[in-house]
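Both of the next two complexes hold subunit A, though its partner changes from subunit B to subunit C.
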Partner chain A sequence: MFTEFLQHIVNGLIIGAVVALPALGLTLIFSVLGFVNFSIAAQMTVGGYAGWLVNSHLHWSLIPALAVAFAASGAIGIIGDRLALLPMRRKSTAHTSLMVAIVSIALNLALENAMRFGFGSDLNSYDLPVSRDLVLGEIHVGPQQINNLGVALLLAIVLAAFFSATRMGKAMRAVADNPDLARLKGIDPQRLSNLATFIGMGLAGIGGALLAVDTSVDPSTGSRLLLIVFAASVLGGLTSLPGAVLGALLIGILSDVSLTVISPVYQSATAFITILLVLLVRPNGLFAGNSGVRK
Partner chain B sequence: MTHIDRRSFIGASAALALAALPRAVCAQGGGPIRIGILIPLTGATSQFGATMSQAAQIAVADINSAGGVRGRKVEVVIEDDQSNPEAAVRAARKLIDVDKVVAIGGSYASAVTSAIAPLCWESKTTLFTASGADSITKLPHQGYIFRTSPTVTLQGTRVGKFGVELGCKRMFFLGPQTPFAQNYIDIISVIFTQAGGSGSGLIYEDRKASYRSEVDQALRAKPDVIVLGGYVPDTSVVLKDLYRAGYAGKRIGLSFGVNQKLVEAIQPDVGEGTYSLVPSAEESSQAYKRLIAKMKLNALDTYSCQVYDHVCLAALALASAGGEATGTAVRDHVRGISQDRKAKVVDGVDEGLKLLAGGGHVNYDGPSGPLEFADNGDVQGVFFRYEQIQKGKLAVVRVA
Partner chain C sequence: MTSYLLFMGTLAGVYALLSLGLVTIWGQGGMVNLGLVGFYAVGAYSSALLNAAGLTIAVAWAAAFIIAGTVGAALCLVTRTLRGDYLAIVSLGFAEVIRLIATNEKWLTGGSDGVSGIHAPLKAELGAAFPWFYLGLTWTLVALAVVCLSRILSSPFGRALRAQRDDEQVAAVAGKPVLQLKLKTFFVGAGLSGLAGAVYAHLTSFISPDGFVPLMTIYIFLAATAGGYTRLIGAVVGSVILLVLLESTRFAAVAIPGLSAVQVASVREFSIAVILIAIMQVRPQGLFASKPQRAPRLASKPGEAPAANGGTTVPIPHH
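Coming up: the complex of A and B.
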């Protein structure tokens, strides 16, 4: 019974790690730009396809493929932002952030369908061997999943360092905290919002590529996870980067451990009930106010 | 804000109504007869969508080149159900209300068919379906549903018997929440229990990125055969997770989950040895050979053949009915042209239309099979192909 429980925690950590990267991206963009960019789901798929193209056609190995996924999603993220979201953001009304979020849902659908048009609806697997699980005691875990967890944690640490140690990172936090004051200090919010979009979408792209390595990529790869990514970000407080990672891991573990008592058909419901309960007690999320973009 | 007064509103409405009038008249009068084809061109069940669409268009070309239905041309209106019941209902509404189709064919995923079936019988539109869930023909459909695909009970029985023949004792079913998942578990478990073994199963949520925990749960039952009841996206992930977990027993899937698309989507090691049970078209028939020649293919799945037959059945039924082109006429005359034992057996829709035009009787056998329907609308007499993934390709093990 105990090993079964432990196995669920391990499996939950693994799925949480994949969700953590796009959740980080969503949180970053929300912190700096002030709206939830739902097109992050399509950017996960963009990353999945970009990595798949260079891996299965040009036979690049995993790490360069992930770098391509990062760059492609980041670049397409900026293009989408410029074309669809920026014109909306300039119209300053009481509901701007809500309207921009809704436009980002439309952008998400447009991107997803563009990929369906270009690549078809088929599933595409990376040209990487599927390795058997390692067995540690009675717990088994896949080498690829350990990699995913490692990459996610490493990127979270790099980001944390970027925000606390570099000028650009500090400037980003300043914009997140008070855009007007930051502008008075000579910080260009437009340049920073581009950077935030690029990094945020790039992270989603890496998340999508890792997910695709684990499973396969098709036009709906990202949208299947959108709700859970959003939930992880909300649970983490929406503005805290460590919160996004912890939120993702927590949701992964909770929804997996719930399988010990309920049927798998209701698994995602339990995750969302948990969020509801957490937010009733802590409306700002579990980790809001902790060290992050907005301190 | 632009102000619209009552008078101009009434004027505009009247103009719109007038504009729509010719179309409404056409639908009942001398214009083309429209048949709706609602198929998955995108989404989880879209593996046969492209060939289904092509088959429907070839059927219409065959009908029209034989002079149509009593001089009237036939048109198919093809809509994408997106493998999604909600999108399917919208598309079906459009087919029924706007295009005024007499029949809807295609309708593949059981969840989609269950969702649109009430719209069809309420609007007296005949529904031809390629879905398997037993529950569909148990609906109060007043005869408006004809199923050309074998039922889940029949497929489950075949899977169970096949597993027992392979020497397996402990069966575990893994499949997503669908209208038929629990049926499969029950039917296959009974067959294993009767053969001295045991059976159980687990229904999971589809659209997940990992099924590790579900696979763990399945493996705790120590099965020597796992039946995969999912569609391609989830089955590919389940197969990968089974491989990672080191499962070495047998795997049997169904045609909508283990097929060419799946083989292309996974690494060769992962799927090697997996069996698939595939309802088979009537591959020895001339009708089948002519259809694949027109499509320039070497082989064709039964579901696309069924869509071809859906269009032909509707056209032949209307030709037999005489004047009125309605869904009710299709319903009332399908059995008359598909299973009249005294009539001449024809395997081409063109030949059937000509005989009917001359006042004769026909018994149409299409590329998908002999097309004989029980009172509840279920097709009878279906063949299956047993396939296995061998060295990264699907090979036929036997046909029965």
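Coming up: the complex of A and C.
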């Protein structure tokens, strides 16, 4: 019983670590640009396909494939943003941010179907060596899952360094914290929003590629996880980067541990129930307030 | 061909009811409801199951309205403190949970096999005239909904609702019962979506979870924005545009040679998405723009500055 519970926690942590990447991307984009970008789901799928293409056709190994996933999702993210979302952001009405969010849903649909057109609806698996599970006590962990966990952790550390040590990172946190004040200090919001979109979508792409490595990629890979990614980001308060990571780990563990009490078919409902309960108690998420700048 | 057109005409009426629900909640109430398809499903299943349990169709439809509306009001109550962004995400999740329940509670909903053999009203009695009758019935409901909504929305309730939409705090300061306004609006909007589901269920006589995917919500957003998402007439016209668009892309995509079935479907959905993006960019107010609301002028002194919100404020004397 206890080992079963522990196994669920380990599985949840691994899933949570991978979900943390797109959740970080979503949070970053929301912090800097001020709207919820639903097209992050399709960008996860873009990353999954980009990595799969170079891995299965050109036989690149995992790390270069992930780099390709990052670059492809980031680039397509910027193109989509320029074509579909930027013109909407320029309009200033009372509900601009929600209008942009709705357009991003349409963008998500367009991207997903562009991929379905090109690749079909089949499941595509990465071509990586298969190895036996590691067994620690009675806990089973796949080596690939350990890799995923490692990559996610490494990226989180790189990101933390970027935001605390570099000028760009600090500027981004400044914009997230107070856009008007940041502009007064001469920070160009347009350049930063491009960078935020690139990094955010790139992170989503890596997340999608890691998920695809663990299972497979098809046009709906990202959309299936949209809710859980959003739940992670919302738990963190939508503007807190550490909050997004903690939210993702929490959601990952909760949804896996919930399997001990509910039927697996309702696993994805746990994300919804969790955010509903959390938002009831704390309408701005668990970690809202510690946005961007360290006080 | 006639039966195809009749079916499509009826379907346009179903979409019109859904769009009216969206215009009520989103356009007039200012709450982003991405869970529209969830209420549509609740209405469809409620009506189909209640009718199968022995209630007459009229009662089942009324029940579908009330059940979907109550679920909507409950969701609104639970999410009352949330900002727009959060509400969008939570309502999207709500629709997914409804679909999960419809897929997995086999004892109630038949699971992914769905509910089949749903009775249509007077089908046996009317015979060949039935499609005409159902088309008329559907559009009568649409007309009824438009009349009722326009009465509600031009009443003081409607004004308070729009005040709440434009600035919740100001409306609250002015003494408007913001939460109550939101709950009632959500009840009516979700109820209309539920009624649309009921009409759809008895039209096709078969419903399954596959019919209630998030894509449907996007279609209705397209219909509402194409027509003008704050206007009732916009919702109705937008629904007809949506249906023409959906059907013409079906024929256009099939006409492209050398495409697989999956590709045809993806071309359709792709073009719908691109059209929605284009409309939002070029003409976000849609075909019928939001009417600027003028306060009534003082009858005695024409040409003077209008007094705000006639009746409730004392007119400021001019020098």
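The criterion applied here is as follows: the second predicted complex is superposed on the first by the 289 of 295 C-alpha atoms of A that agree within 3 Å, B and C clash if a C-alpha of one lies under 4 Å from a C-alpha of the other, contacts with A are read in each partner's own complex, and residues count from 1 in each chain.
The rule is short, and it goes like this: a residue touches a chain if its C-beta (ideal position, glycine included) is under 8 Å from a C-beta of that chain, and two chains touch if they have at least 3 such contacts.
Small disclaimer: the values here were computed from a predicted structure and weren't measured.
Superposition of the two complexes onto subunit A shows a clash between subunit B and subunit C.
Judged by the touch definition given at the top, the superposed model places A:S263 against both subunit B and subunit C. Applying the stated contact rule after C-alpha superposition, one finds that A:S121 touches each of subunit B and subunit C. Look at A:P283: by the touch rule set out above, it reaches subunit C but stays clear of subunit B. In the superposition on chain A, no contact is made by A:Q190 with either subunit B or subunit C. Taking subunit B and subunit C in turn and counting the residues of subunit A each one touches, the greater count comes from C.
The superposed model puts subunit B in the path of subunit C at one of 42-50, 186-194, 204-212 or 294-302, which is 204-212. In the three-chain superposition model, subunit A touches both subunit B and subunit C at residues 116, 121, 263, 265-266, 268. Remark: subunit A residues 4, 7-8, 11, 14-15, 18, 116, 121-125, 129-133, 140, 142, 211, 214-216, 218, 220, 224-225, 256, 259, 263-268 touch subunit B in the complex.
Those residues of subunit B lying in contact with subunit A across their complex are 42-43, 46, 177, 202-205, 207-210, 212-214, 216-217, 220, 232-233, 236-237, 240, 243-246, 261-262, 264-267, 269-270.
Remark: subunit A residues 30, 35-36, 84, 87-88, 91, 93-95, 97-99, 101-103, 105-107, 109-110, 112-114, 116-117, 120-121, 219, 226-227, 230-231, 234, 238, 263, 265-266, 268-269, 271-272, 275-276, 279-280, 283-284 touch subunit C in the complex.
Residue ranges on subunit C touching subunit A, taken from their complex, read 30, 32, 34, 78-79, 81-86, 88-90, 92-94, 96-97, 100, 103-104, 166, 215, 218, 221-222, 225, 260, 262-263, 265-267, 269-270, 272-274, 276-277, 280-281, 284.
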